[in-house]
Structures are given as structure tokens and as C-alpha cells.
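Notes follow the structure.
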Amino acid sequence: MAEPEMGLETMARFLGSENVQGSRAYLEQLDPELHRHIIDFVYGEVYAGDVLDPKTRALCTVAMLACLGQQLQLGVYVRSARRQGASEEEIREVLRQVAVYAGFPSAWNALATSKRAMEDFDEVAS
Amino acid sequence: MAEPEMGLETMARFLGSENVQGSRAYLEQLDPELHRHIIDFVYGEVYAGDVLDPKTRALCTVAMLACLGQQLQLGVYVRSARRQGASEEEIREVLRQVAVYAGFPSAWNALATSKRAMEDFDEVAS
Amino acid sequence: MAEPEMGLETMARFLGSENVQGSRAYLEQLDPELHRHIIDFVYGEVYAGDVLDPKTRALCTVAMLACLGQQLQLGVYVRSARRQGASEEEIREVLRQVAVYAGFPSAWNALATSKRAMEDFDEVAS
Amino acid sequence: MAEPEMGLETMARFLGSENVQGSRAYLEQLDPELHRHIIDFVYGEVYAGDVLDPKTRALCTVAMLACLGQQLQLGVYVRSARRQGASEEEIREVLRQVAVYAGFPSAWNALATSKRAMEDFDEVAS
Amino acid sequence: MAEPEMGLETMARFLGSENVQGSRAYLEQLDPELHRHIIDFVYGEVYAGDVLDPKTRALCTVAMLACLGQQLQLGVYVRSARRQGASEEEIREVLRQVAVYAGFPSAWNALATSKRAMEDFDEVAS
Amino acid sequence: MAEPEMGLETMARFLGSENVQGSRAYLEQLDPELHRHIIDFVYGEVYAGDVLDPKTRALCTVAMLACLGQQLQLGVYVRSARRQGASEEEIREVLRQVAVYAGFPSAWNALATSKRAMEDFDEVAS
């Protein structure tokens, strides 16, 4: 299986290296074992693959989280998609498509979450 | 709003022009009004935008349908993603990521649907 | 609480008295306790109220089952809605609205289930 | 396709003409394109049909949103159902039925949302 | 069917007799009929069975509510599971398993809800 | 992280050692990488813990899969729960409780899947 270093490196690429320490502290107090699974399995295995370019991968994550109504994690991955080079308009276009597959309320809620996340991203980046 | 021609043209781009007549005949006997909404709104409006490249758009659709467990439409969009130039391995990588967000059974079911859809695609293409 | 007779009477009103024996035999072999809960609670309590007219109640059930993707029970309640006087077109209109709230694949699947259920209903009724 | 006027007129009928400007301003800042789809497709096409009477349509929307756990939009449509003439008790009866199809927590959450929405409606109406 | 006394006794066993009055007052103002269904059907029938030991039953409820994303009721049943003798670590282990079946965001959200509920439980118990 | 041996040993305990080869062959042709994640992460990490006794763990899995409507995997875990010593009646009791949290159609579908899975289990065991 993947080395822990691989997981941390991949996490830094998707969440931003300046956010890794905060994210890990949050996860550690939530549950040390889930924390370990996220580093080793989610980032060390699934996200570590190089078959998909990081921007496409992050946009697919945004699509999934919007359909599942997982607003907290959606905010994180909207910022990640911006970090991987997705434009605001590309993210919005993915979220409009959510209306077709998961209904208008899911698209609407996701666009509201996304708007706040993109404002946060711009503020930090500026 | 979009012209009906735009909807049909976009539908042909995503589903393959050789499949448009069959798809429309199926939709028409199912419900003429839903048929019209799919041509005018889904393809004539949402899919007609050019902000996302067609391959990324189709992969996001695959991601959404797998999370929602919509196997019938997933098969259609796995073939569409192949038609837009996504490799088998890129599609599989999106579906493995479904395990992280919607659980292993959803990823497993989607990979089974996808395997059959990719075999059909290769058969017709060869 | 409701008398068992109330439950059976309400079940007969919604499913058709000619279908009660078959439905109960099916439920009994599936699980005698769930069978009892369906007669006593679902039909003896929830469906026994007279606040909603039976046609509106059945259409709301159709709306719920379509959003939840429960095709088996949807078929039963499409026939029930027809029995309570809903037209084919009213049922279709509810199911088209599913596209707005739960997405096009849910509406499409529900319209396919509904089409078969309405054909069965017409066949028996003719 | 429907004229934009049709969408605005239908939106006013369901949401109350005094609420249209506020709703549109909210949608416009969220995403101008989703705003346009809601006027043109949701209200201009789906809701514009006259097959269902407006009260039945609004109660079916309440049923769907409660099953999907979409609390924000549920509040809007509980008020819309009241505006179309549904009594408080009819709305509650639909939501109790949600317990049968989507489980007690969904019914409970929907009744809590509905209680607040009905109080708001009465306050404005009085 | 079950006597109302059975429902109240079972509710007290699962929620704690000191919490019954408050829970009932909340449910009564929400909807008297749903209140009655929860006492008579949920506690008087389903929870009153003695086939499952109470701890296993409460852990299965925790598993279900976490998969369904019903955070409010999850908090109640995490405390109930503690009351039936489940350790904090057993509850966490169930919730980690949620990552496998319903995805990491559902497990994460459930662990956050559970952490707060277990702190409340300890505070009251101490 | 866990050794692969741990994953295979845990998989054998839950699925039955006589079923491991068949399950792995199925997973391998579906997707070698998902196969690896199921052995290393699902069985090598999550299921390998000893905080929960295997019977309680399997019953929680049954509860989750029934709420999520994942019938294929539910059949596998109903047999696993029987293998860990759960009685038919305990499994049924968990599934009746699904009616409370995810609605009657989910409970009904799960009891139908479970009935077939328990018959298969008895046949092989006899």
C-alpha cells in the first residue's frame, strides 16, 4: 500500500499546503482512525493516481458532493478545483448540470455553497 | 431560449448521431412532453454551453449518475464519455473515486454497469 | 388505536378489494409482522384519515415514490391513483414535475414504470 | 418554447406576486443562468401546464421536497400550498404520510420546517 | 396492537425516563398525530420487541441514521446507545464503517454529531 | 497499514472461506484496483478492528445496506450475519426497524432480498 508520505503530499496538492496542518488537526480531534484512513486510503491511494489530471478530478468531486448534498465537503472541493486551475465559470457550469441529474434544489444549494467558497478563495488568494 | 436545432445538434454530439433517432423514438413513446424538455432544456440549454470541454462534461455526468445509482443513464454516459475521448482508465478512475464519496457499493455497481457499456461501445466501434 | 377492520377497509379502497387477498398473502410470506404494521399502522392509521381526498393522497404517494426511486411500490400506487379517479395525464404531470425536484433520470424511470402500470390497469378494467 | 412572460406569471401565481421581485433578486445574484432556467423551464414549462389544479400541484411539490430533505425549498412550497388554498391540516396530512415512505426523521424534519413556514404565512396574511 | 403504556415504557428505556416528558412536549407541539404514531407504532410496536438486545438495536439505529444523514435524530440515538451500554469506541467503530457504505462525508458528519452527543451524555451523567 | 494477509483473513471470516476465491475472481475482473481497496482498506482496516463483535458488526452492515437500497451487497451481508451467529429473527427485526428510519418500501425490499439470501444460506449449510 501507499506510503503515508504519498498521502500527505497528495493532500497538500488538493487542499493547499497551507491548509494541511489545520485540516489534520480537525480530523485528529474528530477521530484519529478516520484521520488515518483519509491520509492513507483517500489521499494515499485514490487521489494519488495520475490517470486523471487534477483539475478534472476536482471537478468530478464537486459534481459528486453537490449531488449528495454534502455542503461542508463541497466548499472544500470548490476551493480545491479553483486551486487546480478551474475557473469560477467552469465550476458553476458543473453545478448547473446538477439540476438535470439531482434536481434544482440540489443545484441551487450547491451554487450557494460554491459562491461562499469562491469568495473565501479569492480573499485568501488576494 | 434555445432553438430546437441547438438541442438536437448537442444531443447528437453527446449520444452519437447514429443514436439520436432511436433515443428520440424511445423518449417519444415514454412521454412526448419529457422528450421535448430533454431536447429543449437538457440538450438545448444545459449541455449546449461551451464553458466545459465535452470530455470533462461527460465525466462529470458519469460521476453524478454513479453517485445517484442511476444505472440506465450511466450506461449511456459512459459510452458518451468514450465518444468524447475519455479513456477506459479515466472512466474507471472517476468511478473508483465514487467509493470515497458515495460508498463502495455505489462504486462497485457503477463499475459493473460501466464494464458492460464499454464493451458495447467497443463492439459498435470495431 | 385503529381497529384492524379499519386497516383492511382502507387498504381495499386504495388497492382495490379484488387485490387485497393477493397483497396480504404476499406480505404474510414476506414477514408477518411487517404485514401487520402495514394493515394496522399504514392503512389503519395514516391512510384512514379523511383530511385529504383519496385522489390527492394517491397522487402525493406517487410523487414520493418516484422521488425515492421505489419502482415496485410506485407501480401499485399509479394503479391506485387511477382507481381514485386520477387521469393518465394527471399522473404523467406529477411525474414530469419529478424532473424538477429529483432530476430527469428519476422522472424518466418513473414514467417508464407508470406506463406499464397504467397499461395493466386498463387491461384489467376493460 | 414558453414565452418568458408565461414563466413570470406562473411564478407569481405559485410564490405570490409580492414575492417575485425578492426571489428573482436572490436567484440572479446566485447564478443568472440558473435564474433563467427556473423562469423559463420550471415555471414557463413544467408549472405552466393546466392538467393539475394548482393546489394539488403544490401539495405534490411539498411531498417531493419533504422526501428529499430539501428544507429551504420546502418552506417556500408550504407557503405556496397555503396560497393555493390548502389547509394547514391538509399539509400536515401529506407530511405525516412522508413517515411511511421516507421514514419518521424525514416527516419530523418536514413538520418542523412546515410549522415555521405556516406561522410566517399567517403573519404576513394577517 | 400494543397498549400505549408499552410505548411509553419502551420510549423511557431508550431515551431515558428523565427525557420522556421533554421529548413528548416537543413532539406534541410539532404534531399531535405524529406524536401518537411515535408512541404507539415506533416505541409501542417496533422497539418493544425483545428479539434484539437493546444495545444492538440502538447501534443499528445509529448505523441507519448516519447513512441517512439525519443528524438531529442521530444525536438522540448516540446518547441512547451509550445508555444501553455501548462504549464510545463501539459507536465510533460503527460510524467509521459508514465510510465504507455511504462514503467518507457521511462518516465524518456522523462522527462530528456523535462527538457532541457523547460530550452531552457525559456531562449529564457526571 | 494492514498487511494484505489481514485483509484476506478478515474477508474469509465475514464472507466464509469457501466464498473468498469466487468473490475475489469477481472483483478482479470488475476492477483490479477496487479489488485491492476492498482487501486492503475495507477488510484489512475497517473490518479488521476488534472493538465490535463480528455479529453486531454484520447486523450494522445489514442495517446500512437496507437503508441505502443496495440489494446485491445486502444479500451477501445477510448471509454473513447468519454465519456470525445472528438468527433469522434478529435479521428480520433489524429490517423491520428500517421501516421507521428509511420508510416501508426500503424495509419491504430488504425483507424480500433477505428472505432469498437466508434460503440460499440454509441450502448451502444443510
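For reference, chains read A, B, C, D, E and F in written order, and residue numbers begin at 1 within each chain.
Basically, a residue touches a chain if its C-beta (ideal position, glycine included) is under 8 Å from a C-beta of that chain, and two chains touch if they have at least 3 such contacts.
These numbers were taken from a predicted model, which means no experiment stands behind them.
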Tell me which chains count as touching both chain D and chain E. A, B, C, F
Angle, in degrees to the nearest 5, of the Cα rotation that carries chain A onto chain D: 120
Would you mind telling me which chain pair, E-F or A-E, is linked by more contacting C-beta pairs? E-F
Check the residue numbers that chain C and chain D use where they touch, and answer same if over half are used by both copies, otherwise different. same
Measure off the straight-line distance from the CA centroid of chain B to the CA centroid of chain D, and report it in whole Å. 30
Could you tell me the distance, in whole angstrom, between the mean C-alpha positions of chain B and chain E? 41
Going by the touch rule set out above, which residues of chain C reach two or more other chains? 37, 42, 46, 65, 68-70, 73, 92, 96, 99-106
Give every residue of chain D touching chain F within the complex, in rising order. 99-106
Of all residues in chain A, which touch chain E in the complex? 30-31, 33-34, 37-38, 42, 65, 68-70, 72-73
So, in the complex, the side of chain C touching chain B is made of residues 69, 92, 95-96, 99, 103-109, 111-112, 115
What does chain D use to touch chain C in their complex? 42, 46-47, 49, 51-52, 56-57, 59-68, 70, 73, 87, 89-90, 92-94, 96-102
Complex contact set, residues of chain E against chain C: 1, 37, 40-41, 45-46
